[in-house]
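In order of appearance the chains are A, B, C, D, E and F, and numbering begins at 1 in each one.
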């Protein structure tokens, strides 16, 4: 099953290159269906499986890694980016050094002397396998395959309107498919080297896809994404190096079984990679820049799946973090990122950037929860990841619709959009509501998170910071989302006739799927958590069923015009901004850089 | 319904508009809201918002520039509503009667129910008028009252009315 | 019995509001309206012709009222305090969306201010809930009112709550959302007749909502609760009569600087 | 701020400023400038009040025969008292009383009625003049 | 590329007594541009004064230009007409006129203070000042027979005299009032929320006051020492204890304070007048018809009121030019609005005490 | 009261040399219709802190001649200029009509013929 998840998208990617539009649709639907089916199947079968890679495969991966890093070097040279070159060179050196060092421990790795080309299944061995599927991975499969599959389906339609050569379009979709496969492998990688390779693959993917439109802006943003993510690569390699030198292992599970010594340094370095991938401040720049990429890319990479590596990684490391100081620092960092990113988002006006910042914020929250390291908080972090992926995917896809159908990017231009595009605005509002309000999953997750953190306060008073930032951050996010909706709403009158909005099926199907999933999973979550709260579901029901029903009866009321002090002046909506001054901004960035460094320092000291 | 109708006179909310008066009556309205005369005894709230008002207190003889606003505000007040013309210039034009930029009283534009004399009208007179207006308010039907003149070209009025879904009730001439 | 309370919550709130109007008038040495004035207003509003701007706008007011009622009912039913706060948030958001849904400057400004108010008081409410949890071991009101001694354990949180009461009941110095002289009532501005009535009654429910928070500080002793509510009611009106309206941003800053630090200090005190 | 709060608290126990006006009357001060009142008996029909009245709230209707008719519009009057000062017989023919005028309703025709009356007065003057002229010429021709 | 929001204020707005339309260009709630329309109250008084009314009636007509400064309007016109007729009033008339003008100043300033408080969201203070204001309103009603439009001044004198009972009433009410004003001064100084709302808000700097020719309390609050009461010799203000009140900060607080202290000064002057009223006729016959050109400046509650009257020896005047205080205050006012918050706009507007009916005539 | 004669052509120069913001208070622009298409324009100044010191610059003109604007010297002059534009139908650069009068009002009411 796992193999299907990994290989099917690769196969589909191949086929895409030679297929016409309809086959593309067919393929994406097929991948979505089978991917969802298998991931659900995997999720329900509560069995942990693991694989060993053959040594050949390992060699291939090493080779591929080196090629990849050399490619980065080349790109850095080509576009004259010193940062990229230096970081790639550092990575290359580190990588070779680790390979050199770990060769001494290789006896463990190539145990059983497997030399076949295939991957072999083995549960009997007591040794660590390179690929291990645990509960967390199975949950990630769900997100990747269902949400990712939907996004791929959407991107097929999206590409139709893009101005690019057909070959390039095919390549784009193929890349999306490949990316699914990469992600599927990444979340079950147990070997740190494999993990590093896939991590770099995701970096590559985001680099290439951001640069897809190949203009000046995309190029600079892509390079920025590249070097920032390379920092993540460097710290991973450092972490691996520490692990190899300290414990002689490159496996997650083996590493986490150890305690004391340099473990915390290694874990700290790895979690720093999470901070980078999660675009936590001060690395938020790359995720924002990534918003120039085509919308499915933003949806897939930069909000729904790829950046989820960040909380995933912390969750993976959580057993070692627990109630330690390092865990505390990480969770505080996450909490502060949550508040600060929500605050910074208030000064943005490009719709996707706002979504991007709110992603940064929520990733911070998830990381904070994951780093707390109790069973409950980790579970909540996972729950948040799932619901966030659904809601953000919905929002990004709706943003893509706006971009393609109405050529709108900035919210400033979206004034009174509800009049022209009521359906899309409806999806966007659903997205906003599902991110903030009861009874949807994300809200419930936040609610339980508050409960769970509050229950820990007596033992760990430091978490008060996390709690307070969680509370303030949620309030700021509410402010953000509903400030944005101010531009969308503001309907002059419902008696004006407007053209009916038509969303193409290629767009509307993914949107509908996601909406159904949001509502369904939210309801499901409530049922699991607390039966009595089902009454909460009555709230949206008012809107969905009762209000439109009453709406018909509203014909009989007379209409009037808004009050303008007796004048007859038109009114233009405009957003409100809460822009920090440059000094405050600099302070924020500096303090977060310090905090980032503090993670390493704390790791080294403890 | 009779039951609800009886509450009209217990909660008259006022909207005040100055259609070009000398502000003598306006400060007296303000004084009437003050502690000595305290219109809130009658349940009066100065809403400042036509949509939630019952009593339209107008001062001033209607200058050219305030005509449209007067009519606009009047038509935004939901029925039943009462218009009180405060002060002699509002009632008849007063000392401004016949000046080139005034229209000699607001009843040239909107139907007035109570005329308050005085230049400037005193809070006592305003209270008297409101008490009188309350009786009128109680007996009013909810039939749509329309201003005598609407502004804009005829076409736009028709458009506006049909757009506001009022066309079927207000027959504009 | 509980259901009767829930059903009559708006009426109870109306009585509080009526009492407040009389009290405020007396503080200003005026005679003031009759005690039952809010109900007169209610019935009158039902009698008016209803003019609406557009259907969703009007209906969102109804939704706001019912969502608020729902959250007040949740209080009476003794639900989890956090749920109640968020249910209330839901009700407020509905109102804000309503404010945004018309093309009117004042309505938009009002909705913006409502949002900022939300940002100001919501964290405090949650922190109060957390305080209750830490003291009583449960978020459920039913559990909380069985305990006692909250005032002694969380006096600073009580002060923090006091600071946000004026925001909720729209009293000076924090009545920015209504701000009649600036934005003529804010989100309420485009409503008339029956639909305005829902907003008018929602205000009654706000009274019940926020004073319930004050009430549960007394814990098991209902007499103390009543005394607390009466005291806070008087205090809020006294402050209302002694202050001008501050800016929205001032309000947010004051709440964050003072109320928030009080609340955090109190929680730290409980925890340590 | 605390002082104002204290004042507000004290105010609760102080009597209110409010005069319950329609129920209990407010005594108007001596010399309140109320309605202009007129006594037909003492009037000498000099028309001075009509001439000086700034808004033209006093009009005399001139019938073809008999005495002039005095008309006064209290809703147009600005209560300045200039007519009384102009009157050759103040306090007898024309004086300013201390009663305030009641509010008018639609039936009183405060404005429209007065428009009509203004026209009528103007017309009556002309008619009277014409009639006088006619009678003069008639007299002349008779002579 | 931030877009701005246009916030209308007026022509009908609850914070306005008179129609004036502002359109604020706002970023968030910060005003960056102002557009004002002040012509709602234009009735055409200037023309009517020369066409429909005889010169003796004009005094009553121009009083209706503005209810708040009615007395200064009729006074200015009357002075101009008297100059044209070559008539000089006796001291009793001058004192009585000064008395009414100062009483009017007290009530106008108090109204402005109350209205500013109301617009700042301080309802209780509004009620308090309005209650105190009734003292002076009663006084005016007792003296002139009407609360707002006094019609007290006629060409050649004043219409009513001061009886001993009235003098006693003046003393009684003004004593009460001066206590209340002292309390108000303390309140305006010490209230925390008022200082947030008033101090440093709506600042008119001294240079701007010079550049935009601000006048009256606005200018004096900015530190510009100008007062028509010392710049004309029509009235013996120095004899009755006039002092010029100056503040330096130019914000709402300073304007309020100028008003409060002027009220104190006016109360003292009124009591002086009531005590030292010279003997004499109150209404003297004037002869002739106005001929020539006369210029009169009078300090109205809001600042300098300017009348230019030209007559040609007939019953009708040739030109009556009215320049009102707010008319000159508007350029300064529009400057002050920029870069302040919309939330402050009603309070700033009220603190300028604009009088649109004066402005538009 | 001092009356000084000037002409429209030399107005800016005259007032430019005369006007000092900290010394003189600019009151307003005034127009007086002299009949037969002639109009007398007055610019009125008073001196701060000095008794009865009023300076009136006046110029004779007709309805058609454009009147120079003083806004460059005295920023607050625009109100008065807009007023004479409305009331006399004169042309002043930079001053729009419509301060008081609407399209259907009586136009240039203070002209003697109206």
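Observations on the model:
The criterion applied here is as follows: a contact is a pair of C-beta atoms (placed from the backbone, for glycine too) under 8 Å apart; a residue touches a chain by one contact, two chains touch by 3 or more.
Because the structure is a prediction, the values reported are computed rather than measured.
Under the touch definition stated at the top, subunit C and subunit F share these contacting partners: B, E.
Note on connectivity: the fewest chain-to-chain touch steps from subunit B to subunit E number 1. The chains touching subunit D as well as subunit F are B, E. Among the remaining chains, the Cα-based centre furthest from that of subunit E is the centre of A. Interface comparison, A-C versus E-F: the higher count of C-beta contacts falls to A-C. Farthest chain from subunit C (centres taken as the mean of C-alpha atoms): F. Taking the mean of each chain's C-alpha atoms as its centre, the chain lying closest to the overall protein C-alpha centroid is C.
Spacing of subunit A relative to subunit E, judged by their CA centroids, is 66 angstrom.
Centre-to-centre spacing of subunit D and subunit E amounts to 29 Å, using the average Cα coordinate of each chain. Work out the mean CA point of subunit B and of subunit D, and you get 24 Å between them. Spacing of subunit A relative to subunit D, judged by their CA centroids, is 83 angstrom. Annotation for subunit C: residues 25, 27-31, 49-51, 105-106, 108, 180, 184, 189-190, 192, 241-243 touch two or more other chains. Among the residues of subunit A, those in touch with two or more other chains are 493, 495, 557-561, 563-564, 566-567, 571, 573, 576.
Counting only residues that touch two or more partner chains, subunit B has 17, 35-36, 38, 41, 47-51, 64-65, 69, 73, 76, 94-96, 100-101, 119, 122.
Which chains touch which is summed up as A-B, A-C, A-E, B-C, B-D, B-E, B-F, C-D, C-E, D-E, E-F. Only residues 64-65, 100-101 of subunit B touch subunit F when the two sit together in their complex.
Of all residues in subunit C, only 23, 25-31, 237-239, 241-243 touch subunit D in the complex they form. For subunit B in complex with subunit A, the touching residues are 17, 49-51, 68-70, 72-73, 76, 163-166, 169.
In the complex of the two chains, the subunit C residues touching subunit A come out as 49-59, 62-63, 66-67, 70, 82-83, 86-87, 89-90, 93, 96-97, 100-108, 111-112, 115-116, 118-119, 122-123, 126-127, 130, 133-134, 139, 184, 189-190, 192, 260, 264, 267-268, 271-272.
Taken together, the subunit C residues at the contact with subunit E in this complex read 27-30, 105-106, 108-109, 172-173, 175-176, 179-182, 184, 240-248, 250.
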